[in-house]
Amino acid sequence: MRTSIVGAVIALLLTISLTSPLVVSQGLTPKLGGTLVVIQVGDPKSFNPDAQVDDMGFPIFQNLFNKLVTLDIDYNIIPDLAYKWDVSSDGLTYTFYLYKNATWHDGVPVTAWDVKWTFETINKSKGIAYSWIKASNIKSIDVIDNYTVKFILKQPFAAFLSFLGWYGTFVMPKHMYSNYSDWLDPKNPVLQKPVGSGPFKFVEWVKGDHVTLEANPNYFKGQPYLDKLVFKIIPDANTALSSFLAGEGDVLAVRPPFSEIPKLNSTSGVIVRSRAVPSQWYIGFNLLRYPFNDRTLRLAIAYAINRSYVIEKAMSGYGFPARGGYTSAIKWAFNSNATLPNYNVTLANKLLDDAGYKLGPDGIRQTPNGTKLSIKYTYFTTGPETEAIGVVLKEQLKKIGIEVTLEGLEIGAWEQKVVKNRDFDIALCDGFQGPDPDNMRSRFALGAYLNFANYSNVEYYDLLQNASVTTDFSARQKLYWKAQEIFVHDLAYIPLVDLVAFYIWKTEFHGLPWESAGKVNYNSYALTWWEKGKSIEPEYIVFLKNNALAIVIVLVIIIGVVVAYKVTKKKWSGKTTS
Amino acid sequence: MEWKDYLLRRSAQLLLTVFFALIINFLIINLAPGDPAALMAGELATKEYIEAVRERWGLNKPIPERLVSYLLNVLQGNLGYSYTYLQSVSNLIAERIPVTLLLTLTSSIIAFFVGLLLAVKTSQKAFSKVDLFVSNVMLTIYSIPSFWLGLMLIGIFGVALRIFPTSGMVNVRSTGSGVFLILDIAYHSILPIVTLATIQVPIYYKIARNTIVEQSSEDYVSTFLMAGMSTSSIFKKYVLRNSLLPPVTVFALHLGYVLSGAALVEVVFGWPGMGRLLLSAVYSRDYPLIMGIYLVTSITVSLANFFVDILYTLLDPRVRYK
Amino acid sequence: MNLLELNEISVEYQLGKNDILALSNVSFSMYPKEILGILGESGSGKSTLALTIMRALPKNARIIGGEVIFNGKNLLNLSEDELNSIRWKEISIIPQNSMNSLSPVHKIRDQLRDILLLHEPKLDEKEVINIMEEKLRLANISEDVLDKFPHQLSGGMRQRILIAASLLCNPELIIADEPTTGLDVVTQYQILKELKNLQSAKGFSMMIISHDISVISNTSHRTVVMYGGKVVEIGPSDSVVESPLHPYTRMLLEVQMEISKKTQNELHSRTNFNKPHKSVGVNFAHHSGCPFVQRCPFATEKCKTEAPTLLKVNNDHYVSCFLFNK
Amino acid sequence: MKSKLKSDNNFFYKYLLLWNRFKNYKGGLIGFYLFLVVIFIALFVPFLPLCDPYSIKFQSFLPPSFSHPFGTDEMGRDIFSRVLWGSRTSLSVGFGAALVSSIVGVLFGSLAGYVGGKLDELLSRIIDIFLMIPAFFLILLIVAIYGSSIYYVMLVIGLTTWPSTARIVRAQILSLKEREFIYAQKVIGSSTFRILFVHLIPNSIQPIFANSILQVASAILLEAGLSFLGLGDPNVVSWGKMIYSGTSYIFTSWWIAFFPGIAIVVTVASLNLIGDALVTILSPKTEERGAYA
């Protein structure tokens, strides 16, 4: 009787282990296979990820290559090739410990020598990251062993780590560039057919139409679930939208016209998420030119601008009104009580009257020394928003007696006229202010190339300089907060809008970068999977399969022992009773 | 022999003209305000980095020197490297030419035959109600902006009726090869071709109709009429043959604009052709690419003129046996 | 029996708002094997006459009256197909020798073959070539023009080709519309002589239309003088030249004599009225009287209001002028 | 009545004659009346009961309704008043460009035609070069980089389209200068300037006039194309720009791009119809044959 019980138990055990994978698969475990199509605006320029500014190439590089460290969707620094790093107390030495099983797509292992070569080339050939990682500030890069590398800086640079994880710092295959002196030499095939170390490998690039990547089976952090990752190029926003809706795309990385977003929201099978990104539209005054050096005029103008109305009219309501002297998207650095003046037309008019800007007969004010307050708003024509913002400002400033004419220029001409020749009244500019507030130093501080308003407040400059060398977190934070208070007071620049980014994708895909904070960089589809893919057996099934033979042997042994025990017990009982 | 020196003189003239066009283009572009190096260096670049970029692309040398070196390169067939695409300009353009030709060539051929057919039909009853109505409708079609027509076609057929794809050259999901790829591209090219063809039909219609009407009142028509030939066979055998040359010449001339004509339609349909390549080159100040595209388009225009001369001798015996 | 009879033929051209009467009540007839000359200035309607007979008037012209009787059949009532069987088979025409009277982009061979095959479809290629070469020989021009294009030939050669073309189907009547205009005098003389010999050899009747009186007087048996769309005088050529009746004919001869005075001084004019100043244009207005009234030295009030009719003066010599109907 | 006019004022009479012949062309007439409407709107739009085309106070994306016959655009501006105001921009660019191109064209053309020889050779070469460069791309580049104010666009379009006018003028002058009345002028010793500007050019004014009307039409289309690429002058209302901003919303609010397009077609078609009729009337061929519609 007992053996039957034991036999039944074992049988039960076996059936459960075999059927369980079917049961489990209904839940949200990832599937294998499928093609993800990301629709984006343009072609990458080339496949050298660190040589030049390439907004269109960047999302592709984030899946083809790796950096030492990278940034997740919340701009937190997370490990990439380096699983661990430590910073010396004096903030001068950074030691990175690399994964040992990372290989290039052609099988060659990724080593510290690749890292050393990459950053020395960035320094030698002035890669785009040369400026923000302050390559000239790197004293030396020492290879401790194949998987440990040490960076020694000349002087401490607190934002080094976050800039290392940002733009233009991908580790590149040294062996592919060895026989070319210039890493941009067009004859080098790798510029057209890249070799990376990332989760996806290069397949083909049909210019103007699409870039196709496929899963890298021996990716050091585990093979991605998707088979193929395709970037489809559609430059026109509304045709991109219609292709997405017509099922030709799964992720819409082209910002659709604002009016389409409510419709997209309500379309079945489509998810739309939006979140603030550390980019801002801001206007700058030409402080070298009268009357813009008069702070009361700038204050009055600040009061006259209703930032939420600007967003509602110029950007169909999609954006966050800028609140202070820095983007609110990087929470730790944003000083919430250094706020910009709120919309108050009466106060603005009063300020102007008191300051002697008398109202002329035609409803336009005159400056104290008699010139008409008719100003030019200079913008670059990269998209419809820049002009739309101008139209709104024109209407709003008219209410306080200031006449505005719009001057649209191609971006090169804008840069020449505004940045170089300082030949403007008010100019609109935008810019990424992440990943670290140190970015403000090269944008608003004294002597920065992009500081077209010529804002030269020395205290502001010192605060930023100081913050860039203090490694202590809370001390650094206080310095940035103080800087924002001065920035908001001087009003050389008036931030208008904190930009919003949209994440639009089809519901049949999961594990997208913006759903995997802390695990992958903000463009990586390494963890993305497709609902309709093939199911993967859970680990223990894999385990069972791999060592089925061993299990059988063990079972036999157990049964053998049990039977033997039963038999011996009977003998014993037989002896005693007889 | 008279033919040889005629060809020589004509091609010398051609080269000279292209040469001058090139110089003018070079000056217009390089004298423009704005500095491509700063643009390429990006927002956060330091002065030192911008200098490095300028130096790599030789933008620091004075304009005359750059002009001479550019012309020398062009003579050797090397159009230089594109700043932005980091590829040789010649194969960048070579990739885009077939794509643009697919649209522009097919649409001009369709427009030519439709225009000719329409002209033949209406001009036989010259100055009748139908003839005038059709020519006025043609004038109206000729006034439609190409990009707007394309947009409306997308709105109606692409979005509302969902018959045709709204953009791009190929449906990425099913990039088959061989026949499927061709079918797919053809399917995507229907709307752009219809747009381009519609706005070109009036050009060929007008030239064909006017020539036919003119030729129908020539003396040889009354000679054959009096010889007892029916008006329809006179028309088929003699009037048509005589009226062929002007429309064909206009077609050849328009071939010259085959590379540059469809820029706006390419933008609306998201078609990766020459037009879009030039637009992106202008916006990113890619001087070698802009120059390369201008050179190629100027050459096609002058080749078209050259081709027209040859056409004249072939089609018109009066020129051949001067 | 007359070969051709024209009765009261009137043709009107529509030019914009006003219509112009090109022919008004033109009547005369032609006898077989005869050369009839039609003399008149440009715009007198002589070319319209030829086109009316062949019914090949341009779109804006309308025949508003009259009959064209040819071998008993009124050509104006024939259907297009019946007319096409007569055209060139029985009546052919040597058109005015403009540059484009033959298609500029076709070889002469193809054009002649097309015309021939129209009326003799059953001929095979060899016969076609024979006929073409025979007719060219008749017109005194070598066969190798067949492979040339019209612009490669001189005016004289083109004229001879047109003559050869008109002979292709051996028609009964050939109308020669200004056969020699634009040719040098020597070629003119040769061509007229050849035409006369051809006519007498082949026996077809010919109507020669010209503004040049010497062409008409040298070749035609009888002459019809036209002015302003009307027939003003018909008669045997020599009597018309010797004793012109109608003032317009006299004036024409006067002008002609003036020109050839140096060459033919023995023939001087016997009438000594003063020479009216010669205005170029012909007045086409629809007025009732004699068309020549504005330039006629003998014009009377009657000439302005009434239209004179053709009157027989002596055998076969008619004139339409009030001077003669006493 | 006719004889009285004839003697009174020769100049006026010539154009009355032209009008009489123009009347016969139905197409030309339709074009003319359409054009009158467009001109009327362009001139009197400030006095029409319209809302301010620049104000953005209305609600965005309103479909066509009684209060907004053409609906509102993405910024809440009334499209109906913008389309009417847009006529001013298009017509001024069109006529401005045609004026520039005619003036330069006439100058170059007449000099080349009249003087002939080396100058003619040089000028013809220049004309060839200009015809060699694809005009649209050249204009695009210049406007994109050098600036896009409306006067600038006018100038650039004019300066790149003058070769076609120059060719027509040159042909016209070549044919006229052989006429006796020109020799007569030379004989009595009047200066080249006088011959050119008092005799030759006024006599070839009619074909130039007809051609420049067609040039106005093509200049309007060119400006629309430029604005469609976002390069138009931001301070004025331009049809091309309205279509440009309308493309992004073609799927939901079709009216933003639709009505400016219709306005372009109507204006350009009216000009083409007039121009075409004039060219047919003034060409010697039609006069001879007396063929009238």
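We call the chains A, B, C and D, going by the order they appear; numbering starts again at 1 in every chain.
Simple rule for what comes next: contacts are C-beta pairs under 8 Å (C-beta built on N, C-alpha and C of every residue); 3 or more make two chains touch, one makes a residue touch a chain.
Keep in mind that what you see is a predicted model, and the values were worked out from it rather than measured.
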Most distant chain from subunit A by Cα centroid
C
Per-chain Cα centre nearest the global Cα centre, belonging to chain:
B
Subunit A-subunit D separation of Cα centroids, rounded to whole Å
51
Indicate the whole-number Å distance between the mean C-alpha point of subunit A and the mean C-alpha point of subunit B.
42
Can you check how far apart subunit B and subunit C are, centre to centre, with Cα atoms defining each centre and the answer in Å?
54
In subunit A, residues with contacts to at least two other chains
236, 242, 410, 412-413
What parts of subunit B, by residue number, touch at least two of the other chains?
32-34, 154, 159, 217, 267-268, 282-283
Hey, what residues on subunit D touch two or more of the other chains?
144-146, 247, 250-251, 291-292
Under the touch definition given earlier, write down the residues of subunit A that touch subunit B in their complex.
35, 37, 42-43, 45-46, 48, 51-53, 125-126, 128, 130-132, 136, 184, 186, 191-192, 206-210, 212, 230, 232-236, 239-240, 242-243, 246-249, 382, 410-417, 419-420, 431-432, 439, 442-443, 449-450
Residue set of subunit D touching subunit A in the complex reads 54-56, 60-61, 74-76, 144-148, 230-231, 234-235, 244-245, 247-253
Within the complex, subunit A is touched by subunit B residues 32-36, 38-50, 52-53, 56, 81, 84-88, 92, 95-96, 99, 154, 158-159, 162, 165-173, 175, 267-270, 272-273, 276-277, 280, 282-283, 285
Sort out for me which residues of subunit D touch subunit B in the complex.
26-27, 30-31, 125, 128-129, 131-134, 136-138, 140-142, 144-146, 217, 221, 224-225, 228-229, 240, 243, 246-247, 250-251, 254, 257-258, 261, 264-265, 268-269, 271-273, 276, 285, 289, 291-293
Parts of subunit B lying in touch with subunit D, wherever the complex brings them together
13, 16-18, 20-21, 24-25, 28-29, 32-34, 126-127, 132, 135-136, 139-140, 142-148, 151-152, 154-155, 159, 206, 214, 217, 257, 260-261, 263-264, 267-268, 278-279, 282-283, 290, 293-294, 297-298, 301-302
